[in-house]
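Structure incoming, see below.
Note that the chains are named A, B and C in the order they appear, and that numbering of residues resets to 1 at the start of each chain.
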Amino acid sequence: MKIAVCVKQVPEGTKRIDPASKRLDRSGEGALNAYDANAVEEALRLKEGSGDGEVVLVSMGPASALDAIRKALAMGADRSVLVSDDAAAGSDLVATSYVLAAALEREGADLILFGQQAADSDGAVLWAAVADRLRRPLISQLADLSIEGGHVHGKRQTEFGYDVIDAPLPAVVAVSDAINEPRYPSLKGIMGAKKKPQDVVGLGELGLDPARAGQAGSRTAVLALGAPAPRGESRTIEDDGAAAGEIVAYLEEKRLL
Amino acid sequence: MTTLVFLEHHGGELLSGSLGVLAKAASLGEAHAAVLGSGVSGLAEEAGRFGASKVFVVDDPALEAPLPQPRVDALAQIVREHGVDNLLFAQSVLASDIAAALAARLEAGLNWQLTDLVVEGGELVGKQPALGDSVIVDVGWKQAPRLALFRSGAFDPVETGGQATVEAVTVSFEDFSLAAHMLEQLQEESTGPSIEEAEIIVAGGRGLGGPESFTVIEELAAALGGAVAATRAVVDAGWYPYSTQVGQTGKTVSPKLYVACGISGAIQHKVGMQGSGVIIAINKDPNAPIFEFCDLGVVGDLHSVVPKLTELVKTRRAG
Amino acid sequence: MTVRPADYPPPAAEAVGPATDPVDERIEVGVAIVGAGPAGLACAIRFGQLLEESPEVAERLGEVPLAVLDKGKQPGSHLLSGAVMNPRGLRRLFRGLPQAEEFPSFGEVHGEAVYVLSRSNALRIPPPPTMRNHGNVVVSLSQLGRWLGEQAEEVGATILPETAAAKLLVDHGTVRGIRTGDRGRGREGQELGNFEPGSDIVAKVTVLAEGTQGYLTDAAVKQFGLEGRNPQVYALGVKEVWKVAKPLDRVIHTMGWPLRTAARYREFGGSWIYPLGDDMVSLGFVVGLDYRDLELSAHDLLQELKTHKLLRRILDGGERLEWGAKTIPEGGFLSLPRQLHAPGLLICGDGAGMVNVPALKGVHYALESGRLAAEAAFAALQPGETPTRVGALASYDEAVQESFIWKDLEEVRNQRQAFAKGFFVGGALASAMTVTKGKVPGRARATEPDAEQPLLRSGRAEQYPAPDGRVTFDKLSSVFLSGNKTRDDQPNHIRIAEPVPRDVAELWAHMCPAQVYEVGDEVEDGMVTVKLAPSNCVQCGAITAKGGRLTPPEGGSGPEYQRT
């Protein structure tokens, strides 16, 4: 069984927004998106459980994203494909899903895994857009998953509880961070990572139109940055025995009771 | 400008988050709603009472389970047939999947985690908190249709008592949309919500003085119907489990209400809860940093304030 | 009763032993380098250069000829310095190559000023001859480390980040490699779901380039009896990186306030403020850990320093970007190990104490010592030779003794000790020593280990400024800016005696810039427990100098420095 895992490099350290570009300052060091580690771990467990198969990492980003990818290879993934092209910089959801879907189509995996969200955009959305482009069934927020008889089966976490969902392969699955505890790469894994095949491809090799990627292909825009509204009137009072009553009055005013 | 709002429902009722977004849409102009499911025609009328002038209903057994992909087919069809300018969603697990897939299907821009939507300079602008809510980003769309996901609880429903015209829509679904099946639906037992999903959290810190004092926190949480959380300091000291730790190296939460008892508000804790809707802090030390970012701060002894608060809450709720 | 931290030593370290993994599970590498700092990476780079020209040696080293381990998230994560660097070390390492000029730097020093501060004034004095920085460049050591890591990989080194070196593998009087630390243990030491045991890494040559307070270096020195003439002594530096509104046009050093000048306090140190390009500055405060005032807090003294008008002018309108702390070995020449090698082992850089205190320089010595270590290791790996033969690596010591490292350190050998007599007397002596190139005064002065200093209390803690969140900051928010996100449920990596006298516990509470220690409850007459928050630790090493011991926590823990 071939499993593709979509991974992303996100900025490390205290995050800042660059006031010039109004985007996240990515000039510092990058690291593997922590949530993607759950997806990589799940892929490795499935491969180890079935005794054979291949785990391919698919990513889109600048060449420096290879560092983050290397960590996932050190965990045990077999190879990686990075789509790196200047024309893809600044892609929003529409543009990113366009590029990733093409890369994934080329891989022809039985199962495509995503992590719960991207730590840099707090967006928990990419897999749904990719699944639609690939015209494959989608299950997200899985806290538990198994593969049986060509189907993926799992417990999807929602606000109300768990739904047990089943879908035939090939399918797109997004795992929640509750699904597993990612392994630490072993030393042998770290040392072997750089020998694994790491392809870097541009948009052209995927037959993609640059006008549909990057800022050009994006349908959303960042317009401005502002300070958050101050938290409304902020009050501090001393307790002289009546504070509890004041709190209740406040809660009622805010319709929280 | 027509705005369509996806109204999510559960257990036979429209969710208040969706109705809140409908109220917002109505404030911007003509607001339509979409109700999708099996045996849901009865919900259409409610949509009218909460601000929709028109409700599209897709009633089909394929929509019985709360799965995203058939809903994408339905909404895509409605958008194409009716020239919708804006399509709004209250964020949820289901709505996020639908909205993102629609963005790909319609090649339309989607902005998420929005707390507001305004018209500035003739254009629709979304307000998106970022970096742990320390900055607000203005985001826009290059063209219609504009898709938006709003943070849970961003708007309150407004009952206008109006009436909506109902239009039934028949949808033909894609094969791949119907491939996933729901086998079982398991409700969570009500031992109380987990802190990540809780709408109300009462948290305890060093100021409690000892593990026995957590009963005071638990009682307030139970009275408010919320979950209990802890700071790193008390988890380190073994007073409460690590699964309840809120902060940089614990969980990040953004409930509607966060009551911080005996918590100083060091940044390691702040980054885990600063996105909360309303923050109330009770602490003996008037110089505690938490008083700089809470909405209502009480300088006092939590052992005297919190039990009183619990009693008053119980009374209010009973009455 | 005078209390000395040295009277309450921590439990003994168990950092030396034989390999324990089954033979076929041991990881074999050619040369294992512990520490991806300037010394370790220079060693890797030089060794890689030599290997490129020498296929016969490369063959002997197997699939992984060269491995560099670092306990931080990546090279640079645990590196912190000022720094004004003498480019000599890099130029020798990359002789004839573009990298000799193309390394990350913030440019040459354009001007400098030295001030003696009082609370309300700054008296400018001519820079002492040892502190002149013409021709030197301002760098971020963390950035430089990252860049050196990339250069090392280019010549075939395998970098193993997030890997702590927990034990030195020794058998039959020979160093065989190192054992890495376990990962995935819980607070009580229990194995968690993703537990990954450490591994024995077996190498033909092991190079210890651990930096200040090297855990295995200390064990190796004891194991092989390599102690120098004087015990090593340390200083603690606390640093911040700021975005500034107006460019700073010169390198600044200060002495005096807020340190006390009377000899009984033994407060030796000062501060630096360096421009990092046009829009940032690096500033920090250093104090010798032989201080006696148990209320002394280097972090708070840095905050106090920023309230001085000289600093206010520079930082006005700016924003604090990063914070960090690290110790510096200050014993100089007389504290160097008497020998820097043993069978199968080489010791480099700050781990050996190669720091020129009066000139505030150490990076170029680290680079040069790493380079020389590579050459010695390479020579000992030639066909017909073996690095485990006693004396096979002696050429390293010979090379170091012929190098500028030795010459510089010997020249300034007594300067640091002179300051033990207090700032003013010390200042005059230091100048005299510089002018006569170390010959006056003639005899060596003893230095006591920092933990043997008796403690006194001055009441100065009341004067520390309350943090205002704009210019002055508390310890916890500072730890946050170091990028420290250490997992809380790890085993405790700090070793201290318990209970201890209250004075010692208070000493540690003030000393630690990361607020790891807190005075606990009284258990018997005057003795208290100590409450620890080990996940705050930024691994500066101060505790090891003042009566406890820092051991390497789980790999990947601690700060994630970017521009320090």
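One rule holds in what follows: a contact is a pair of C-beta atoms (placed from the backbone, for glycine too) under 8 Å apart; a residue touches a chain by one contact, two chains touch by 3 or more.
Source: prediction; values computed, not measured.
S.K.: With centres defined from CA atoms, tell me which chain sits nearest the overall protein centre.
M.R.: A
S.K.: If you tally the C-beta contacts, which comes out ahead, B-C or A-B?
M.R.: A-B
S.K.: How many angstrom lie between the centres of subunit A and subunit C, each centre taken as the mean Cα position?
M.R.: 37
S.K.: Using mean CA coordinates as chain centres, what's the gap between subunit B and subunit C in Å?
M.R.: Computed from C-alpha means, the inter-chain centre distance equals 48 Å.
S.K.: Taking each chain's centre as its mean C-alpha position, how far apart are subunit A and subunit B in Å?
M.R.: That pair's centroid distance is 21 Å.
S.K.: Residues of subunit C that contact two or more other chains, please.
M.R.: 480
S.K.: Name, in rising order, each residue of subunit A that touches subunit C in their complex.
M.R.: Of all residues in subunit A, those touching subunit C are 12-14, 28-29, 31, 67, 181-184, 186-188, 190-191, 194.
S.K.: For subunit C, which residues count as touching subunit A in their complex?
M.R.: 27, 64, 67, 73-74, 76, 146, 158, 160-163, 180, 183-184, 192-194, 196, 199, 201, 480-481, 483, 560, 562
S.K.: Taking the complex as given, what residues does subunit A use to touch subunit B?
M.R.: 15-17, 22, 92-94, 97-98, 101, 122-133, 135-141, 155-168, 171, 218-229, 231-239, 241, 243-248, 250-252, 254-257
S.K.: With touch defined as at the start, can you tell me which subunit B residues reach subunit A in the complex?
M.R.: Residue positions touching the partner: 10, 65-69, 72, 92-94, 96-105, 107-113, 125, 129-131, 133-143, 149, 156, 174, 176-177, 179-188, 197, 200, 224, 256-257, 278-280, 282, 286, 291, 293-301, 304-306, 308-309, 311-313, 316-317.
S.K.: Help me check something: in the complex, which residues belonging to subunit B touch subunit C?
M.R.: 232-233, 235-237, 242, 245, 248-250, 266-268, 271, 287, 289, 292
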